[in-house]
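Next come two complexes built around subunit A: one with subunit B, the other with subunit C.
After this line comes the complex of A and B, so read on.
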């Protein structure tokens, strides 16, 4: 069941209605039934994979909790400090075994379903007999629900979350249907705080959620789905579309991906707001970022924080890394030496982030390019400081706008690896912007032959202005415009009606269009 | 406390660490800074900060970092 389908709209309307008809303590059962129904409608085989992930994580986390509570009772009886230390280390070793077992099962399923073909075909290609692992069923949203589950296991292991005794509550956390397609990757402590309460949303949050759902559909159906056609035309026939066309593709794909991903997240969080459930934000004005580090604090926030908390930090402060840090500082000097281990961890995190996005070289190179840019900007920081100390440009509005545009285009260029899906082709195409730029592309009507007519360009232009103004409001005030609108029932009704009408009239569906799944669903 | 202040000053010398209580919330310290800080604390104070303690509350101010270090020092 696609998010962008009449069936899904009817489905969420029914779920919200049944949810509020039911007594509060039974409401989470409605969500559980709805979530399992959602996965079943996609493919009944999803349930098998979810059951394995759910049962193992639930069971092993209960064992982890049992070991911890037993140990905390026993340790009180030990008086000797050394013996206490020894006991703690032994408990930790035992816990690590169960934690690793749970994580390996979860990641093993993800690895097999998503990466078996990539690994086998690349390894066998080395021996001149390329073999393929085909027909592996990939469960819906496996990357997202696996990461949610692994974070739950690690939090229980670390003692920052309590293990859930009720198996079905954990299943609901893993399968919560609005997050099935593209996240956000919620943490147990955050989502469970409201997921099982069954509280009424309240009129204003409900209205805000409703506006957000319509806003999400507007972004997805009117803008993102419309831009699929020209972006595909420009990148599939890359040999014909070089130079200025690549620049156009960068702009269009930046807008398509933003509207597709944030549109989907708006629908997810909007539904949750209507149900009185709090879900983490995944985007905060990413195209207003002034550097790549800031960009990654604003784009796909829950993925970034997952990698930071569960890979970057543990890796960087592991005993081996700290030992290496000491060694590198003594050999390479304090200033650079202390950054060596940070860069090694950062490299591994970006490698993992690339692999998470997909089993292909273009994603791996995408991840590593992000790492290279971050490392270069980190190394250049002292130079930037000197520069700004001398020229005092930081406070100038035009310089801020320049920094935003610089980050936007840099990220836009790296992002083209998603579209071309081929590393050499991507670099060749990006290079052509600097070698064979033909200005006439913008004036001779060539751009009208890539799947958009003049009216559609005007529509996209107007939408871009609206998106920019709504974002600017948030940037200037720190509040979402819908929070203001949702204070008035009349305004809420008018806003939803206008967005609905625009989506129906200008939505990219029907002849020539194919309502598409969200881009991030493939990751 | 003074050793931690010295490490922080090395990272960002333009912050008033006596009054600032939003080092993480305002993104004054990023993940690179945190890792460098933890490595320096390990090196200079011989206190190992485990990953589960690397949460905003423990790093939002000089006082919070000092309290964390003290807590970990006293832990068996």
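After this line comes the complex of A and C, so read on.
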């Protein structure tokens, strides 16, 4: 069931209605039933994978908690310091075994379903006999729910979360249907706070949620889906579309991906707001970022924080890294030496981020490019500071805008690895922007032959202005425009109606369009 | 006070939303007022406020081949043609059922060419036939039976979902006929006065299965039952045009059906001489459909049969009905004159048919 299908629209309307008809204490059962139905409608095999993930995580986390509580009781009886230390180490070892077991099962399923073919085909290619592992069923949203589950296991292991005794509550956390397709990757402590309460949303949050749903559909159906065709045309036939076309593709894909991904998240968070459930924000004006580090603090925030919390920090403070840090500081000097381990951790995080995005070299190179750019900008930071100080650039609005544009295009270029067939083709195409730029592309009508006519360009242009103005409001005031609108029922109604009509009339759906899946669905 | 506000909003919001939706939908749906007019025909029936004792149902072989005006002028028969392009047999059945909600004709004449289709064919023809029908269980069932693989009922309930993409292709006529459409037929008869002699058609391809399908024949059976229940005489006809090819094997089966059910069946292909058709002048598109002169000859011929066989009212003697017919006749003559004038000026029709389609 696609988010943009008529069936899904009917489904969420029915779920919200049934949710509020039910008594509060039964409401989470409605969500559980709806979520399982959602996965079943996609493929009944999803349930098997979810059951394995759910049962192992639930069971092993209960064991973890049992070990912890047993240990805290037992340790009080031990008086000897040395024995206490030894006991603690033993407990920690036992906990680590169960934690690793749970994580390995979760990640094992993810690895097998998503990466088996990639690994086998690349390894066997080394022996001149490429083999493929095809026909592996990839469960819906496995990357998202696996990360949710792993974060739950690790939080219980660390003692920052309590293990949930009710198996079905954990299943709901893992399967919560609005998050199934594109995330965000919620943490147990954050989502569970409101997921099982069944509280009424309240009129204003409900109105805000409703506006957000319509806004999400507008971005997805009117803008993103319309840009699918030209982006595909420009990147699939890369030989014909070089130079200025690549620049156009970068612009279009930046807009398509933004509207597709944030549109999906708006629908997810909007539905949750209507249900009185709080879900973490995943995007905060990413294209207003002035550097890549800031960009990654604003784009796919829950993924970034997941990698930071569960890979970067544990890696950075692991005994081996601390040892390496000590060694590098002694050999390379304190200033650079202490950054070595940070960069190694950073490298591994970006490698993992690339792999998470997909089983292809494009994504791995994409991750590593992000790492390289971040590392270089970190290294050049002192130089930048001097430069900015010398010319007082930090106070200049135009320089801020320049930094935003620079980050936008830099990220846009790296992002093209999503679209082109392979890494060499991507670099060749990006390179052609600097070697064979043909200005006439913008004037001779060539751009009208890539799947958009003039009226559609005008439509996209108007939409871009609207998006910019709404974002600018948020940037200037720190508040979402919908928060203001949702205070008035009449304004809320008018806003929803206008967005609905625009989506119905100008949406790229129905015959003549292959409504694309949400791009992040594949992850 | 708060309750009153809530109730007011609960009423006003849906009303505003519906008006806006309807307004946008009215703009975006095809109007069929220029060039291809077939999609507007089905709805015109509801505007006809006179009785119809004879109802023709079928595809283009009825709405282009029989002049209802001539039938009235010569025999006083008040008839209506509820036909549309490639109207399938089950669509004709449900259109008949729909007609019975408003009136019960004495005679229903069904053109049998559609019996060759056992399953839905094209979405565009479905839409031209079904969009104009008023909502009723008949329309619902007709849609259910007719939808091709990628069609959905929701798109019929809210045509804007199907036609929304026309925002890019809106023509002046979409604004001109936004809220009001013209009547383009004369009790369902679609007029063309130009002429293009019958050409040589490609030879008939051998049939894989010589039998008409079980599905269309079962719908014919249902149509017969429906007529019987309502005391309506059912007549079967095959229009005199030779292409699309009407195979002798099919003809035999329809004949057998007619004789086993006590129905009259006329294959007018065999009676072209008696009708007086001269296919060098009586067709406007090389023999596929008749033009005005051919349709009038056809009306004269079939009218003689209807008049002599059934107890039909001579509405020329009914002042109220004849006044309404006079209006139809005036419009009919006016259009014929306009088309003849254009034909004389340009040697072809430019304001009607394919030539009139907006760029």
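Basically, the second predicted complex is superposed on the first by the 522 of 523 C-alpha atoms of A that agree within 3 Å, B and C clash if a C-alpha of one lies under 4 Å from a C-alpha of the other, contacts with A are read in each partner's own complex, and residues count from 1 in each chain.
Following the convention adopted for this analysis, a contact is a pair of C-beta atoms (placed from the backbone, for glycine too) under 8 Å apart; a residue touches a chain by one contact, two chains touch by 3 or more.
Predicted model, so just to flag it, every value in this text is computed and none were measured.
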Checklist entry - With both structures lined up on subunit A, is it a clash or a fit for subunit B and subunit C? => result fit
Item to check | Which of subunit B and subunit C A:293 touches, first, second, both or neither | outcome: first
Checklist entry - Should A:85 be classified as contacting the first partner (subunit B), the second (subunit C), both, or neither? => result first
Next on the checklist: Just to be sure I read the superposition right, which of the two partners does A:158 touch: subunit B = first, subunit C = second, or both, or neither?
Outcome noted: first
Checklist entry - From the CA centre of subunit A, what is the angle out to the CA centres of subunit B and subunit C, nearest 10°? => result 160
Next on the checklist: Applying the document's definition of touch, where does A:479 land relative to subunit B and subunit C: first, second, both, or neither?
Outcome noted: neither
Next on the checklist: Touch test for A:493: subunit B only (first), subunit C only (second), both, or neither?
Outcome noted: second
Next on the checklist: Once chain A of both complexes is superposed, is A:501 in touch with subunit B (first), subunit C (second), both, or neither?
Outcome noted: second
Checklist entry - Between subunit B and subunit C, which makes contact with more of the residues in subunit A? => result B
Checklist entry - Which partner does A:199 contact after superposing on A: first (subunit B), second (subunit C), both, neither? => result neither
Checklist entry - Thinking of the overlay built on chain A, is A:6 touched by subunit B (first), by subunit C (second), by both, or by neither? => result second
Next on the checklist: After superposing the two complexes on chain A, what is the shortest C-alpha distance between subunit B and subunit C, in Å?
Outcome noted: 42
Next on the checklist: Which stretch or stretches of subunit A touch subunit C in the complex?
Outcome noted: 6, 453, 455-456, 489-490, 493, 497, 500-501, 504-507, 509-512
Item to check | Of subunit A, residues touching subunit B in the complex | outcome: 81, 84-85, 88, 158-160, 293-294, 297, 308-309, 312-314, 316-317, 319, 321-322, 325-326, 329, 338-339, 341-342, 345-346, 378
Checklist outcome for this item: Listed in rising order, the residues of subunit B that touch subunit A in the complex are 27, 30-32, 34-36, 38-40, 42-43, 48-52, 54-55, 76
Checklist entry - Considering the complex alone, what residue numbers of subunit C touch subunit A? => result 9, 13, 16-17, 20-21, 24, 28, 123, 150, 152, 154-155, 160-162, 164-165, 167-168
